Each structure stands twice: as C-alpha cells, then as structure tokens.
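Just below sit the structures, each encoded as structure tokens.
There are two complexes below, and they share chain A, which is joined by chain B in the first and by chain C in the second.
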Partner chain A sequence: MKTLKKLSLLDLVKKNSVPLLFLILGLLGWMASGQPLPMLLQEVIYRLSRNLILVLSLIVPITAGMGLNFALVIGAMAGQFGLVFIKALNMGGVGGVGMSMLFALPLAILFGIGCGAILNRAKGKEMITGLILGFFANGLYQLVLLAGVGTIIPIKNPEIVLAAGVGLRNSMELNLINYSLDRLIPFKVIINNWPVWVPIATFMLIGLIAFAIHFLQRTKLGQNFRAVGQDKHISEVAGIHVDRTRMIAMIISTVLAAWGQIIFMQNIGKMQTYFSHEQVGLFSAAAILIGGATITKANFGNAIVGTLLFHLLFIVSPLAGKNLFGDAQIGEYFRSFIAYGVIAVAIVMYAMKKARADKAESADSMVE
Partner chain B sequence: MEKVLEMRQISKDYSGNKVLKGVNLSVRAGEIHALVGENGAGKSTLMNVLFGMPVIHSTGGYQGDILINGAVTEIKSPKVAMDCGIGMVHQEFMLLPNFTVAENIKLNREPLKDNPLSKIAGSSLKTVDRAKMVSDSRKALDSLGIGIDDGALVSGMPVGHMQFVEIAREIDKENLKVLVFDEPTAVLTESEADVLLDAVKRLAARGIGILFITHRLDEVFTVADSITVLRDGEQIASMARKDTTIVEIAKLMVGHTVEACERCGNKTDENTPLAISMKNFSVAMPGERVRGLNLDVRKGEIIGIGGLAGQGKIGVANGLMGMFPAQGEVLLHGEPLKLNDPLGSIQRKMAFVSEDRRGVGLLLDVSIETNIVIAAMQVWNRYLNPFLGLRMTDQKAIRAHALEMIKLFDIRCIGPGQHTRRLSGGNQQKVCIARALALDPTVLLVSEPTRGIDIGAKKLVLDFLVKLNEEQGMTIVITSSELAELRSVCDRIAIVYGGKTMGIYKPDDPDEVFGLAMAGTDPEIGRGK
Partner chain C sequence: MTMQNPLKLVGKAWAGSVDRFGYPKVIIFLFLILLSVLAIGQGQSMPGFIKDTLLRTSMIGVLTLAMVPGIVSGIGLNFGVSIGILAGLLAGCIGVEAGWKGVGGLFLTILVAIPLSTIVGMAYGWLLNKVKGDEMTVSTYIGFSMVSLMCIFWLILPFKSPTMIWAIGGKGLRNTIALDNTFGQVMDKALHLNFFGQQLPIGSLLWFGFLCLMMWLFLRTKLGVTMSAAGDNPRFAAAIGINVDRQRMLGTTLSTVLGAVGMLSYAHGYGFFQLYVGPLYMPFIPVAAILIGGATMRRVTISHVISGTILMQALLIIALPVISKLVPDGAFSEVIRIIVSNGVILYALTRSGGNK
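Coming up: the complex of A and B.
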C-alpha cells in the first residue's frame, strides 16, 4: 500500500482535531474533578461496554448515506420490549439476556422495515425524519405499555404491572440480569486496592458484532451500501435496488440498537420503563461525532474513541462543575450542552464543506 | 456485416405531442454511426427508447420495433437493455467519486467469492473479490490503450480520464454489442477528444457497433461511417459519410426557411458607439458556462444570441446581471461595469427578462401590479410616498401604471390584483417585460422571450420588442434557442459555442452558416471544404 506517506505531526493533529479537542477537555475535567483513577477507569470501562453496540449501530446507515440514524430510539424500544418480556416471565441470567435479544429481534426487524419504508420516502431528509419518527414512536410505545399491558397483552407479574392491573410501572428492577453478561467471565484488576471489573464477555460480544459489521462491509451488500451512500441515482442506473439496500441498512441498525439497549440495561440494572430509551439516539450520535466521524463517514475507530471521550466527559463533568463552580448542575449543564452542540456543529460543518466544494467547483470552471 | 441493432419506425409522443415520427436507424457490427441534430430534434428521446428509460414507459411507451441481432426485442428497462448488450457512455458521468476506478468499472457487477455464510444467506453476502476486480479493470483499461491507475479514486480526476473509466466500464461487459456515446467530447479538451476518437475507432474494429451522438460535425466527419440526421423528431436523412459534405449536413440540421427580415441589419455599422463591450467574459452558470467570451453590442440594435443548449448563451445575460458569479472586463456605454452586483447592474439602466420566468422572473403569489412595480420601488424609489419617516406604497400610482401596462400589452387577467401564478405563460411573460420596462432601461436583456408561450402571444412579444427598439432606440439583447425567431427580428446574430462567440452573422446568411457555427465549425472553413 502507498498510504505510508510521510505523516507530519501537524497533519495528524488537523485530521483528528475533534477527538483531540475532547481529549484535552476530558483530561482538564478529570483534573478538576479530582476523581481517583481506578474509579474513573471503572466508569469508563463500564460505559464503553454498555454503549458501544448502540454507537456501532450508527455505522451502517452512515455508510449507506442516510446520515445519523436518530431513529435508533425505535430500536431501543424493541430492546425494551424484549426486557419486559423476560421480566414478565421472570427469566434471569445470561439466558434471560439471550431470550430478550431473541424476542427483540423480530420486533426490531419489523420496526426497521417500517423506518426504512418511511425514510425511503424522505430521501435527503433522513435525519430530521428519523428524529421526529423517534418522538412519534415514543407515543405509540407508551400507549402499548400503558394501555395495552394487562388488557391485550397478558402480563400479570405484579412486580412490574401497576396496582390496577393495567399498564407497566414507571421503573423496573432488572436485578435478575444485572451484570449477568458483564460478569459471566469474572475478571477484575485491583488498582490501588480498588477492584476494577472488566466485562470480558460483553467486550467479546461487541467484538463479534464489530467483526460482523466488518465482514458485511466486504460483501456485495456492503459494496452496495457504499455505492448507494455516494449517489442514489448512479446506483439505480447501475441496477442496484436503492430502496431495498437502504431498508436493509435500517434493519441492521435497528436490530443492533435493540441489542445494544438490552446490553445497556443489563449493566445498569434498572429500567425507567418510559424514559430509558429517549436519549439513546442523540447520545450515540454525539459520541460517534466526537470520535471524528462525519454524517457521511464513520468507522470503528470513530465509534470506540468517540464513546470513550464522550463518556469521559460525562463522568467527570458533574464533579468538575461542583469543584470549579460549587455546583454539580453546571457540570451537568455543560455535558448536555456538549452533546447537542457537537451534533449541531457536525451538521453545520458538513453543510459548510458542501457549500465550499460547490464554490470551488464554480471557481474552477471559470479558470478553465 | 450483420446488423447488430435495428430500430424500425420508432414513434413516441408525450401526451399527444409527437417527438419522434417514424425514425429508422440501423447499426452494423463494427460500424460507427453518427446521429446528429439540433436540441429538441429527438436524439435523446430516441436513446431513451433504446435504453428502456422509465421516462418512456411511464408515459405510454413507444411505437415501432427494436431488433437486436435481427430479433425483435422489447426493451422495458435499462436492465433489459444492458442484458441485450446495449451500453451507454453518458454525457453526465455516472461515476461514484469516492470509489476507485476499479470499483466504478465493476459497479454492481463485482466479481464475488463464496464464504461460509453466503452459502446459507444468499449471494448478497458473498465477499467482493478485489483482486479479480482490479485485474478485470486493468484489462478493460489496457484494451483502450489508456494508462489510468485502477486503484485511484475517481474524485479529482481530469474529466478526460473519467470518460475513459466510463467507456472501460461498458466494454468490460462481455456481451456488449452496441455502445452509445452521448455527446462524448462535449466536456473534453481537443487533445483528449482526439484520444477518445481513436479509442472509438479501436472499439469499432473489435466488431462493436457504435452509435455516436454529437453536434460537432467535424468529429462526425473524422470517425463516422454513416450519418443519420434528425430534425423535429423526423428522420431527415441517412447516408454514408462518403456521399455527403459537412455543409450539406449542417443545412439539413437547421433546415428552417425563414422569410428575410427587411428592416433588419441597416440600423448600425462598425462606427456606431457600443452599448456593451465584453472582453474575456466568463460566467459560472452551471450547465451554461461562459468561458472567456468577447462580444460587442452596438447602441440601438437588436442583437440575438443563439447556439445549442449548454454552450453558454444563457449565461451571458445572467452574468451581466450578476445572477451567477462572473469575471472579465465589461464596459457599459464605455464605462466599466462592476460585476457580480445585481443592484449595480440595474442602476446602470440594464433590465433583464429572465429565461426562468416562474423561478426568477415573477413573484408567483403576488399580484400583477406589485410584480410590475416592485423592482422600480426597490431600485428607484418610485411608487412610494413618504409618511412620518416611513416610505409607504403609493397604491393609486401603482394601480394606474398597472392598468396602463395591462392595456398596452393586452395582458389577459381578471384585474391588476390577480396573482401571477394563475396567468398563462404568455401573459406571465408580458408581466415580466412590463416590470423590466418600469426600470427605465437603456439596455434590455431578454432571454428565451417566447419559450412555452402560444403563437399569438409570441408575435405580440416580438413585435413589442421591435417597437421598443425602433421608437425609443432601446438596445435589446435577445437570447433564444429558436434560431428562426432570432432571424426574424435581430439586426445581428451572435452564435455562442463552447462558452465563446463563434461568430456574428447576418439574419439572411444561408442556413448552413448557422448550422456549422452552432456545431462548432467555422462556416468559412466548412464552406471551403
């Protein structure tokens, strides 16, 4: 390969300016927070293991030219249906996690088909459509779990159903599956007398999923994703089924989001029945963008680095805020400010880049 | 040699409007067949029929037969066309910028390898065989005699190379029988075009039938074995190259007989002062780029700007008015004109009637009267009354002026308050002209004044322009795709080709002069041959 050109340090900095900026912010925040290293490490490792699948689920739609899939929320809902299912049957352990993933699979495929069909009618506006679609689906989700459970869906477990027998409770203990995958292969490192758990099994699952995505990208289907992502019209003329390809991308993303949400909950151990999924799309999108992805280009490196940095900031900012300004709320404010800010900046930067390219093109043509 | 492609009595209409009238065309193996004609002659429609484009089949299909290797074939979609061995090198490149050359050549025809999963889950999960992809592409590129790196990304490549990637993609298809080139040299430099023409000959020598669509007649005479001329959807002539001349083809292409314009041509001469002088004038209007054009407009004349679509004629007026980025040296009445400044251009007493009537020309959901005066209000502070430090519209004056214009132009409407969206094309055009006149221009730029309007309105609009010119001595620049129209009203006609002035001709010059100039061949040379 001839990519082994001379890589100057400046180029390297320029190319990775976004992750570097957040690395500096994170480190400064950590110093201000005064958090001990092992505690920080534990938090970072857990957050990496529980968020990474959600973030990975963004890669395929980005490759297929559909931008950041904010409809991830809908996949997360499918995952939560899966959790309700095992909770209703009182299943636990790794088997319970597996069952919930299995149960969520057909739902996620169904939701993915639905989202794909709608986004195919909103070409070029996938992100805003997906975002609103997520809000809308939230209404349906609430309707099903509030009014459907106990009436149409025969779930009786008093631990999760409201006293009246209809509708689910606001929160749901998941102690039956809490850490069941994370500590399937128990492994901890002692740093400064502080045990730091490393969720080996979860990381293995993440590795498996990453490998599957990598494999997919090398297949004919992956080639089609990339072609459609660049130009729908040209792909169509070449005989690629554009709409079908985009729908498959959505299905894959939705299924991964569902599984990602299950893994997430498995680590947290408690589900806010009606809220846990709400921020999934935004936070995952912010994470991958911080990792240096754009809305047209993303890879595993972006996902891993971004998740790491985004959550580093998440962990340290409340304490840093408290230490610096005497108020944890300010740190809290800071981190949600960053999550939304980074998405806005990414979208504006993309638009500016496009405008610049158009302008350069017209300037070129005058010189000719 | 046998005919690889034969089209018999192909007709096509779009909701009653006949665009192809019984065209016959046949291509033999190894033959280079040129298809020539003006814009709107039906070339693209014929190719859309051949390629099974959705636009044909969603509008009721076509009549006639297409024979591939002597067998009648119904081409229902581009896929069927490709399966039949018809390839197309598009005018606009169908290449993905972030794919490598090899990936583009093999787009959706990637060589695949089995893997354990694909045996269960189907062929879409087969692995792409990159090594074979590269070797196949290399073979196709080598057979064209071009040394492009197969691993390079397409983005940033010179257009000449992109064209070759397109061709390589087509010849990589094993069953290729007929290859259609749609204006292949339009975007190339002269030396690139020469390489391309060589490659075309080489392909023909391999037994592929070539259908070559172009408006560059000199190219036709360099490569083609036979020529078919289309005009207004009719097949005017089909002949072998050796039996004809470039002048004859040019004449056949244009072929309108126009009554001579009696009053034209004597108003001005070389000594008349110039209204506009453009030197090395470039405009970045997408699809209609002007590239270093020189043109003088004399004071008090009607000058026509003609040429084929895409050659830049539309860009000239748009550039002068600052609608698209422009550069170069422009003098207006001898004083330099500041470019890229629409307000400045209007203040220097130029007015523009845009070819994009509904997009740029009119505020569609606003009344006729407001449309007529809005530019004058903005630029000259007319039709305004000062009131407590604010400027209020003078409704009475606006109404009076609008009624006068409606009467003058015979604008058919319910009243001056009617929104312009509901007016017919002809009446919309009259409103546009009325608005331009409200600016008190000394130079009026009118683009495509009669596009999409009925014959009655056409005559009224053209007569009015002539009247303006004769009675008020207004300098008028008319840009039009309809040569006949230009020849009926203009004193001089400039033909724009490749973003430059090909030449300035008299309206009563013979047909072939215009035909050759529009096709990019200097008529003097053409006639000399």
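Coming up: the complex of A and C.
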C-alpha cells in the first residue's frame, strides 16, 4: 500500500515536471526580486485575465494536429482592426469592446479561412509556415494601415490618423475602453493597504469561452478534430473531410485570437498600432508549453497553469536580474530566452519522437 | 505562319519563363523593371543604384551562399544559420578586442571564426539528424533561442576594448560596434573601381565570387557529389553505402561556417556589428534571396545564389527612393521588404508541401 502511494506521487511529479520546474524557477525569481506580494498578485491576476483567451486559442489547432498556431498574430490583427474601428467611431465602454469584437468577427473568419487554406497546402510544416505567414501578414497589415487608411478606408479621426490624413499613428490611446470589462463588476481585495483588482467580468468571459471549447470538443466536430490530429489518412478513409476540418480549427483559433487581443488591449489601455500584436504567438505558445502542453496535446489546465507560471517569471525576471547581476537587462533577455527556448525544446522533442516513429515504420515496411 | 495573336505570344513567353525560372524570379524581375522605369522617369541616379546594389550583394552574398550546402545535403532551408552568424560575431568581437586591422585583420578574424563555427555547426548538425522531416521548424526556433541566449552573453563576456563596451558603466558590449578603425570595408578601400563618380566595391565582390567558385568546385568533387546524393535521395544513398547522417552533418557544418564567414563579410561591407537581437531575423534575408534566385527546398545551383542576391537587393534598393517619391512616407520600403521576402518563403513552403 505504501509503495503504491509513493509511486503515484513520483508519477505525479514526473508527469508535471515542466510546470514544476517553472514553478520553482518563478518562486526563486520572486524571492530574488523582492517584489511585495500585493503588487505581484495584481500583476499576475491582470496578466492571467488578459492573456488567457489568446492562450486558449491555441488548443483547437493543437487538437487537430496542426501544432502551435504561430499564425495567431493574424487573429490579433483582426482584433486590432476591430479596435481601430471603434476608435474611429469614438465608441467606448463595454459596448465599445463588444462592438470591436463584433466587427473583428467577420474579418477573423475571413483570415482564418485564408490561414487554413495556406496551411492545408503545407501539411507537416504547419508551424514554420504559420510563423512565416504571420510575418507576411504583418507586412500586409502595415501596408493597409499606412496606405489604406485615409485613402480607401475612410477614417478621419485626427486623434488616430497622421497629420497628412493618410496612415494611422504609431500609438493609439484606448482610454475609452480601458478596464471597461475588467471593472464592469468592480471587485477589489485590500492586501496590506494595497488594492488588488480582480477582473470578475473578464474571468467570466474566459470561463464562457473555455466552456464553449469544452462543449465543442464533445461534439462530432470535436471528434473529427481529434481524429484528424491522430491520423489524416485514416480520417480521410473514414469519411472525414480533413482539409475542411483543419480549416474550421484555424477559423476558431483566429476568431479567439482576435477577441483575445481585444481583451488584452482593453486591459493595457494603449495600442502600439504596428507592434502590439507581434509577440502574441510567441508568448502564448511559450505559456501553454510551460503549462505542460506538448505539440500534440493541450488542455485548459495547461493553459491556465502555463499562463500563470510564464507571466510570474515574466514579471519577476527584470528585478531578479537587477538584484542578482546588477542589470535588469539580463533578466529581460533571460525571459525572452525562456520563451524561445521552451518552444525550441518542445519542437525538438516532438520532432525526435516523430522521426523515431517514421524510422520504425519504414523499417517495418522494409521487412514486409 | 501568319501573325500570331500577340496575347497568345505573351502568354507563351510567360509560361515558358515561369517554367524555367519559377514564379518568384519572374515576378520580382518584372517588378524590378517597373521600378527601374519609374526611377528613370523620376530622374533618379542610376549609377548610385548600381553601386548600392553591388555593395549590398557583396554584403549578403556569402550568407546566401551558406544556404547551398544545407539544401544540397538535404536539411532544406537553413533558418538556423543565425548560429553561424553568432559564431561570426563572436569571432569579430575577438578580432576587434585583439586590435586586428586591415585586410589581414579581417582574414585573421575569419580564421578564428572557422573553428568556432565548425564546433557549433557539428553540434547543430547532430541535432538536425535527430529531427529528420522537421529540420526547418527546429532550426528556426533553435536559431531564435541561441540569439536570445547570446544576448545575455554579450552583456557579461569580459571584453575590454573601449570601442566595443558601453562608455557608461564600463561593461557589456554595445548594440552596434563601429568597424571604421579596424576592418570595415578594408577590401573595398584596397580595391575599387570608379563608375560615374561611384566607387564600386570590387574587393568584396571578388571575395564573394571566389567563395562561389570554391563552392561550385566543391560540389563537383567526389565528396560534393556524395553529399548531393545523400540529400537528393537518402534511401537510395544509404542503400549504396553512403553514410547519410554524416553527409548531412557535413552540409550543416559547412552552412554554419559559411554563415560565420558571411556575417563577417556582411559586417565588413556595412561597417558595423549589430549584436543582441540584431541577428534574430537575419536568416530570413538569405533564405528569401536564394528562393528568389529560383532555388527550391531540394535543388539549388550557384547561379541561384548570385542572381537571387542581386535581384532581391536591386529591388529593395530601387524601391526605397521610388516609392518614397510616390508616397512620402519612409516606412514603405520596409513594408515592401517584409512582404516580398516572406512572400517568397511562404510560396516555397506551400508549393513543395503537398499531402505528406
């Protein structure tokens, strides 16, 4: 009896070794940073609330066997178009957030169809293709906002359009919607005379989206995602429309990314028109992997734990770097190394496993 | 044979050239002609464009050449050439620290870069042998992680030269390090040609040409042919007794070494080192260049290297003043670069993709 219990504890540690490692790293970093608890708590809560939808948007493509969706930035762009839209019409409050989500929806669906079509032409190379697709789309995004606004798209608001009347300014104040959802249900906890805001409404929205994904996974479509993710050929034979299923996965992911970006910006309150979306794919992917997801498997637990741990590390590393090495910059470089490194390790592990399986399979076929 | 329908003729010429050179090259070429006509119409200085194009070609060329052994040995487009680039930068810092100057100093630095990049290249090649089929995704993220890891090292490496470290604080390497007192453009100072008042960089072009020739010759040696065979059809190569993994490692290492040499050639022409996140997206430039030249993920020749680099650089150089005269906003040329270079990479990725 006793050995059994011990074994299962060891198993638990083994199964969750990645999140545990980052938990230890984060806690050590926190101790080194000397940041007061309420401040840390506020940052962690805000970062969790504003990043979680973006991280959740990675789950469906992973289930459908398309790996980490680095084309997430394209969804974020759709979201930012939505924000430009409400800014042009000077809408604010929760209504403004809702309008921007509504406006971003058809764009995101369209972008998702485009991404899906392209990734269907690059099967087995979805991740690198998605990454490059994101870069490419970024060029188009800049072109549209620099040359299209004021010429084809009739936006006049001098607060966001450049003095010449063409092109958007580099940054955009979002004070009209700042915290509008986060503080829709005002709730704060006072810890050591420090108010810690808890964005109840945002967490409710996240819960709703999580529930919707959960529900979706149990439908026929959800089964198809898993089947396609497991084996495309067998799915095809079984009568599943593989390409269409993958495209739907991309559409869902892109729409969620668009909404996620809007929620993100709602919390930040200021948009860097040409840069705010660029790191979305990187940070979200790193977060879900730190939560224990792999290239082929991810769930809500991974998303929540990973977002928490990644952003804990993110918050404490500059101060920890300063206290340990006398240079905050070291901490900042360390955290970006962690983000890239975690993704690299996950991809290497996945690719090694796949290469071994391929080898075994080809050895089998040779024996036959 | 009466008069043919001119539209049909154009269509035929189009199909023929696309067949022969591939879409990217034909489209970029036509785009370049359009821009050139516009430039002449605007009264821009053509000799200046030619000089800038040749200078940029001599800078990027060796990095583009670094793509060749990767493609030939079967690892595909080496998005992780940043590993070689980092080795080149490290060697460069060592060279500046040691105070090496002039053409001799440049080649001493390259001599330091070669063993450094050979070691990391072999380790990288070993890793790529473990991840067959996913080399490009792996190499991209290995490259990204190495660049961000080196960011920490640039801050803490014990370099002392006052031209390299921050003036305030007295430690940590600077973001950009000027090479005008060491080996910046030394080859072109030694050897250049006057062309309508513009100095053409003959020295570094000869260097690029020499390396191209060496690669061309290498691919015709027994070893080169073996490497191509391993990359072309690994199963067949293994069946006739070629150690495919070894050939792939050789190709990867060569690519990495050329990446290091290419970085130093780039810095030589540019006159600066750019550390920290400078090399992060650098691999995408030579990858795009070689694809514009007409290479695919499996087939490449030296002519792809040369024509691709020249075409891409000419396009970017000429686009800047032409477009800024049409639309007075500086950011457009950067936008064009992003769209063109990622567009061709995307095209290559989706074309050879197909149900696998």
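Operating definition for what follows: the second predicted complex is superposed on the first by the 346 of 368 C-alpha atoms of A that agree within 3 Å, B and C clash if a C-alpha of one lies under 4 Å from a C-alpha of the other, contacts with A are read in each partner's own complex, and residues count from 1 in each chain.
We take it that a contact is a pair of C-beta atoms (placed from the backbone, for glycine too) under 8 Å apart; a residue touches a chain by one contact, two chains touch by 3 or more.
A quick note: this is a predicted structure, and the numbers were derived from the prediction, not measured.
Enquirer: Contact-wise, after the overlay, does A:R218 reach chain B, chain C, both or neither (first, second, both, neither)?
Expert: A:R218: touches chain B, not chain C.
Enquirer: Does the superposition put A:A227 against chain B (first), chain C (second), both, or neither?
Expert: Only chain B; A:A227 stays clear of chain C.
Enquirer: Contact-wise, after the overlay, does A:S235 reach chain B, chain C, both or neither (first, second, both, neither)?
Expert: A:S235 sits against chain B, while chain C stays out of touch.
Enquirer: Pick one for A:N157: touches chain B only (first), chain C only (second), both, or neither.
Expert: After superposition on chain A, A:N157 lies in contact with neither partner.
Enquirer: In this superposed model, does chain C or chain B come into contact with more residues of chain A?
Expert: If we count touched residues of chain A for both partners, the winner is C.
Enquirer: Could you say whether A:S336 touches chain B, chain C, both of them, or neither, answering first, second, both or neither?
Expert: So A:S336 only meets chain C here.
Enquirer: What does chain B use to touch chain A in their complex?
Expert: 78-79, 82, 94-99, 103, 107-108, 110, 112, 115, 117-118, 123-128, 282-284, 286, 289, 291, 324-325, 327
Enquirer: Going by the contact rule set out above, which residues of chain A touch chain C in the complex?
Expert: Residues of chain A touching chain C: 118, 121-125, 127-129, 131-133, 135-136, 138-140, 142-143, 146-147, 164, 166-167, 232, 325, 327, 329-330, 333-334, 336-337, 339-341, 343-344, 347-348, 350-352, 354-355, 358.
Enquirer: Okay, in this complex, where on chain A does chain B touch?
Expert: Contacts found on chain A: 215-216, 218-224, 226-227, 230-231, 234-235, 237-240, 362-363, 365-366, 368.
Enquirer: Using the touch definition up top, name the residues of chain C that touch chain A in the complex.
Expert: 79, 127, 130-134, 136-138, 140-142, 144-145, 147-149, 151-152, 155-156, 172, 276, 284, 327-329, 331-332, 335-336, 338-339, 342-343, 345-346, 349-351, 353-356
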